[in-house]
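Read from first to last, the chains carry the letters A, B, C, D and E; within each, the first residue is number 1.
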Amino acid sequence: MSNALKKEMTSPSAEQHILSVENLDKSFGSVKILKDINVAIEPGDFLVLVGPSGCGKSTLLNCIAGLEKATGGDIRIGGRSMNGVSPKDRDIAMVFQSYALYPTMTVGKNITFGMKVRGVPEAEQQRKLNEVATLLQIEHLLDRKPSQLSGGQRQRVAMGRALVRDPQLFLFDEPLSNLDAKLRVEMRTEIKRLHQTLGASIVYVTHDQIEAMTLATKIVVMKDGIIQQVGTPNEIYNQPANMFVADFMGSPSMNLIPAQVEKVGGTAKISITRPDMDDIVLDFDREIKGLTDTRKSVILGLRPENITDSANQHITKGQVADCRVDVVEPAGSDTFVVTNLGGKQVTARLNADAQITAGETANFAFDLSKASVFEPESGARIA
Amino acid sequence: MTDWLEKHVPKLVLAPSLIAIFVFVYGFIGWTAYVSFTKSRLLPKYDLVGPIQYEKLANSPRWEVALTNLAIFGILFILFAMVIGLILAILLDQKIRTEGPLRTIYLYPMALSFIVTGTAWKWILNPGLGIESVFRDMGFENFTFDWLVNPDLAIYTVVIAGVWQSSGFVMALFLAGLRSVDGEIIRAAMVDGISTPRIYMSIIIPSMAPIFLSSFIVLSHLAIKSFDLVIALTGGGPGYATDLPATFMYAMAFSRGDIGQAASSATVMMMIVTAIIVPYLYSELRPRHD
Amino acid sequence: MKRVALRLGLYVLLILFALYYLMPLFVMVVTSLKSLDEIRTGSLLSLPREIDFSSWGKAWSSACTGIQCEGLRPYFWNSVMLSIPAVAISTLLGAINGYVLAQWRFKGSNILFALMLFGCFIPFQVVLLPMAITLGALKIAGTIPGLMLVHIVYGIGFTTLFFRNFYVTIPVELVKAAKVDGAGFFRIFFSIFLPVSPPIIVVTVIWQFTQIWNDFLFGVSFSQAGTQPITVALNNIVNATTGVKEYNVDMAAAIIAALPTLLVYVVAGKYFIRGLTAGSVKG
Amino acid sequence: DPEAEVLHWWTSGGEAAAVKVLMEEFNANGGTWTDMPVAGGGGDAAMTALRARVLSGNAPTAVQLKGPSIQEWYEEGALGNIQDVAEAENWDELLPEAIQYHLKCDGEYCAAPVNIHRIDWIWSNSDILDEAGIEPPKNWDEFNAAAEKLQGMGILPLAHGGQAWQDATLFEAVAVGLGGPDFYRKALVDLDQDALKSDTMKQVFDQMRTLRGYVDDNFSGRDWNLATAMVINGEAAFQIMGDWAKGEFIAAGKEPGKDFYCSSPSGGAYLYNVDSFAFFNVDGEDRQAGQKLLAKLTMGENFQKVFNLNKGSIPARLDVSMDEFEFCGRQSNADLNEAIDNGFLLPSYAHGMALRGAQAGAITDVVTAHFNSDMSAEQAVEQLANAVAASQ
Amino acid sequence: MSNALKKEMTSPSAEQHILSVENLDKSFGSVKILKDINVAIEPGDFLVLVGPSGCGKSTLLNCIAGLEKATGGDIRIGGRSMNGVSPKDRDIAMVFQSYALYPTMTVGKNITFGMKVRGVPEAEQQRKLNEVATLLQIEHLLDRKPSQLSGGQRQRVAMGRALVRDPQLFLFDEPLSNLDAKLRVEMRTEIKRLHQTLGASIVYVTHDQIEAMTLATKIVVMKDGIIQQVGTPNEIYNQPANMFVADFMGSPSMNLIPAQVEKVGGTAKISITRPDMDDIVLDFDREIKGLTDTRKSVILGLRPENITDSANQHITKGQVADCRVDVVEPAGSDTFVVTNLGGKQVTARLNADAQITAGETANFAFDLSKASVFEPESGARIA
């Protein structure tokens, strides 16, 4: 097939994407695991896949790698349809959630195997091996067999196996879950560097929100095999597409407070019930989709850091209200305070040395500039 | 082109073996089935004469005995060889210091030609020479062990010798299987408070299902083809009380020059095997979602 | 205390089994060390009055296997030359077939496997004649390669069975990882699967070597003067129809003929190693 | 140059030494002898190999074959012809007529004989017999009487190995002894249904049952030579077995006619087993020349003598001097000549001289089943007749 | 042996401990993995083991469980020496880092198998199974085989297997590493509840600092097989025994700033160099061990949250200083700012909406009340 013809056959949109997944379906037997997945990333993108355990993240990676046959849809890497292309020709590197180290090979051999297969010269292999081993702090383990390693060491070897390669696309499936915090930060930095200096394209599965936030150029949130939202970290955090995303991202998670909204003279007024007290009424100055003059039930999404004690001078646009404090949870650098709003436990984040006692009433400041509003039934964002 | 090659490599790799099997097994089965409808004697002839060989077979008391014996022998032999093989493998798996020598001892019967070991067994089992006389000499006057010369029990001596010969290999098969079970799982079970026998029963053995298939196939193959064993131990006797289909076939095909009869008995054998093996293979190999 | 008792019981059990297995060997060794006279007159199972090694020498180098009375020696090499390549080829074929059937399944592969297994049951007695015709047609009748072909063909079913059933227990993740690493079909086989295979290779080699080395029926049917394997010679020594039976030589010959197989057991036995795949994957 | 690949099953020491003579003569006459021995199962294994060889188009030059199977192979079109050698060497003169019959295919020689075995021998331990005051029995009544007497003395009368062919050996000796040569020929050579169903046949089975009573409990599966050893060691008085049993006695240092006796229960009849070489169709002049040379040498006087001295049998050609043979051998030869004269020379069914394999096998199945169970003579006779009918 | 005698033989100290590890050594071949480990916990204690990947945590758990034979030392559970006691008789439940599920059993069987063997009645088994399955959100998976589960689902099954038991001692080896944040919080709460309501004794390995801080009654910090510090979460966080612990615990980790200390009229003065600026001099009002009148090099340990912008009104005891801002890293609810102090990159934690730009100078407040001071050579804490 001539190159010209080939070009014509690849759709123009796919061409600028390093990876594009189109209408992907995947079932195991009769169980649908992935449903109509559409994602695309450009060269140099860092796509982070997040979602609850069992939502299909690893399955998606496996499909991209060609290790599982999709039931429907199309996957393109570098503009080329991957239909019938075997994993080894897809020019990808992958870190498996279950490590999948070669049990009979030493750590060194595990790492260099891929290069050897690809015919990388011996000297180059050694150089890369040393480089990666240093990076991953496993130099002293190169002659061990996987069975003689600790969990975290195994995971690092699995990382090493991918990092020595220079593929079109990296696939990482929770590559840092078994590392200690310090090492994880270092690795994160390394991956970020890899991404920035080499311009590598990466698909990355993680459960660590900080990892997701700091690494991603694009986050995909999945649930039950369906994509909930695709966006930058900032979009996902601040403008969650629905209650699921809002609830899932951020730790502690966003407070989802049942409220009533009503248009009073141009601005929206949100009122929240409190036990044994009057409703709080807050002004909301952004537009709420589908809001009419009639009172309407909504869910107000407010992150804990947007509810602070009113003494905090940084809250400039803050609107204050007294609330009874139910629980106080000091947590190192912060203090979390729980109060009851709209019949729900609502968490506020206060400074570590906030002077507050459970059972008393305190004055809280609500910053609605970053608040979201959701439709209670569908859970969709309306503001 | 290379893509095509690559995609079909697994099938291509399998092809030579499959072709060989199709020619040398299924082709020959077909040949045999054909010959079973002829009047071939010393050498195969190819004129069809209808099912006379089968009629003759149906009327042969010897064939009937052979089939009954196969049922008794097959079931007992497979059962005991499997159980003893498994037990030995498990025992050897207990970090036994002398594992090497013991393993060889359990395995060596396979190495010895039964033409000669049969003689040794014949002596051991013979009431006048072997165990019975040894025990009687030791003062157990009433000890009897005369299965070998009892037409009703002689087939069980074939089982004893057969198990002796084959259980070692089954042990080796199981041992290899045991050794490939992930140690971490066993540790998990130990912590779960599970006793060692129970760990074997419920965790290790179930994960060796494929090994059971292997040993079942090997043993049933041996059972069906047991030939030396009978020839050397009992010669089919007393009378033809210990005849098996394999010895029957051999006698027909080669001592008696009645190839047609041998072919018909072989065909019946294959049908019986099909009836037993196919359901088993189906249950073992049917597609499962794992 | 309980542990010690348990341990003791374990060893006692193992030794009891060992005795059961050794009993015929004991008879054989004892007989081979007796003189013919003593065998004829004494109890067959008693210890020899005086130990006489001459039958061993005779079995090896001067027992009659026909007109020639050179013992087993001349036939030994025929068997070696037959079994080593045949074992190697059938084991390798079995390994790669098993690998395909366990880890590269395609539509119908299970049926093909079942067909191969079913082939294990074909009675050899009926195979002989068509096989003879075929070998004649292929012009390799009576040669060692011809005999090898027969053994390989009828060994494939078993070797494939052993390997396939071993390889199905290997986690698929390993293959996945190797695929992503860029390894192809053969690379994965040689780099990932063969290295974890020692236990099953041992089992297969033990099986195939024993089958081929000890085979008599094919050996006698598809050989001719000069290519006869050792079992035919052993049979000729042992199976005198109307001649004088020399049990001592018979027994010695049988043990000698089995020595290579025993050697294989001892040498190969070392590779029954534990836990080759341990530590590879979680789950 | 003449070449011969010879398939045979003479592999034990004495037998090998016996055939070796032939090889040496063959080689001395410029030939090349390739030995292809296959022992086992009284030639079954060799027959297996032979079939494979023939089917693969690679037949041996000469094959140890005997009895009707020679004709069977001839009918399959596998045998060659050595009539010219036979004519030149005048075989028709040298061989008993009954035996010529086995060697000819459509009236022309296709096989060469090497020996004559006598099957219907009673071997007895002389010490026991002398002590009990018994003469070696000459018929079944004498045998039964002797056995009763011995049993009364606590001596085991008959040493027997419970293998099908040994049972058959016993059976044919009983048949010829009780029924006489004509009955034997009718029943076991011609397979005459009337003879098979006759009362005589019932008597034969009854005698078998009687003999069963003279055998110890542990006879099943016993090798014939162990039974012989029982006689040698004085554990039993008699054994009924072909003349190869003599070899065991001699190997144990016993002298025929002195330490042990040989007698026949057949009343002048003589059951024989003739081993011979059959010549298969082969390609190549060398091999065909080999066949001719081999045929000639096989019938050579020297070979016939030396071979049979070693083997315990007697020469097939009648003109060989018996001087060097021991007592029982000479006896056998004398009986042979007498039987020829009386027309009492009979082929052994048990050793494949009388019947095709399938027929002989069918009879043996019944004989051994009867001997090893409590089947009645009537049942046995009926089964026998049916089995024979089915096998034809 | 009589009970009285038995009592006498168990040391009195061990008796009140549910677990005590005494002078434990463990080597693999010639490599020493654990060195002289001494730990004891009382009934109801929640001991969290932390340390860098490969430091020997799993090995220690394995020794306690009896799965690895210690090279030296003694382990007692419930006061009884565990020498020669097989794992199944130790009355422990364990979650393995590698899950170690029984591959041939369904999820349900995996969980109930231990109970079945112990002869727990069928009904009770079902009850527990349902309870645990609900808790772990794996009700719909009970009939699956482990190979059909996602990573996180496998991990939850492994948890379930332990949770249905009621042993003397639980051992958890990173049981939540593959779960998403939300689920992890829920599980954490569950484990905490388990610990509090049942009074279960637990040894728990984790890499998650929050997990360590919120769950533990006692934390053990290990490094290279040696225990660095044993203490309550608060002690570990605020009074780290040495620089390793200080650096290891807390994320982002403590700033370890090279400084000079000198006694000036009763109070200690700590001076820190800055590039192109005068030294910052801070008062330190606690006693520094071994401090004489001569100037002395020390390492000042200050957590990021103790360096804020001076505008933060909560800093009451704060001492302020101007520093040049090198990097600004907004991170959702906070902003981290990096500056150079004492020749090191020092991180400060500011509010999310702090108005600060890289390259400019800002006024920082230093709260030394929670600072630590370390000896530079030994790394030991001196204040």
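Just so it is clear, a contact is a pair of C-beta atoms (placed from the backbone, for glycine too) under 8 Å apart; a residue touches a chain by one contact, two chains touch by 3 or more.
Note that this is a predicted model, so its numbers are computed, not measured.
Using CA-based centroids throughout, the chain positioned farthest away from chain A is D. Of all chain pairs, the one linked by the largest number of contacting C-beta pairs is B-C. Here the spacing of chain C and chain E, counted between their Cα centres, is 58 Å. For the pair chain D and chain E, the distance between mean C-alpha positions equals 94 Å. If you average the CA atoms of chain B and of chain C, the two centres end up 15 Å from each other. Separating the centre of chain B from that of chain D, both taken as means of CA atoms, is a distance of 36 Å. Looking at chain E, residues 98, 101, 103, 147-148, 151 sit in touch with two or more other chains. Of all residues in chain D, those touching 2 or more other chains are 40-41, 45, 48, 51, 54-55, 223, listed in ascending order.
Within chain C, contacts with two or more other chains are made by residues 128-129, 131, 184, 196, 216-217, 235, 238-239, 275-279, 282-283.
Remark: chain D residues 5, 8-17, 19-20, 23, 33-43, 45, 48-49, 51-58, 60, 117, 223, 225, 229, 232-233, 242, 244, 247-248, 251-252, 311-312 touch chain C in the complex. Of all residues in chain E, only 62, 65-67, 86-94, 96, 98, 100-105, 113-114, 117-118, 145, 147-148, 161, 165, 171 touch chain B in the complex they form. Considering their complex, residues 6, 9-11, 13-14, 16-18, 20-21, 23-29, 31-32, 43-44, 84, 88, 91-92, 94, 96, 100, 102-113, 115-117, 119-121, 123-124, 129-130, 133-134, 164, 168-169, 172-173, 175-177, 179-180, 182-184, 207, 210-211, 213-214, 217-218, 220-221, 224-225, 227-228, 245-246, 249-250, 253-254, 259, 262-263, 266, 269-270, 273-274, 277-278, 281-282, 285-287 of chain B touch chain C.
Touching chain A in their complex are the following residues of chain C: 171, 173-174, 176-184, 187, 191-192, 195-196, 275-283. Here chain B touches chain D in the complex through residues 41-44, 56, 59-62, 115, 119, 122, 126-129, 146, 148-149, 151, 154, 231, 233-241, 250-258, 261, going by the rule given at the top.
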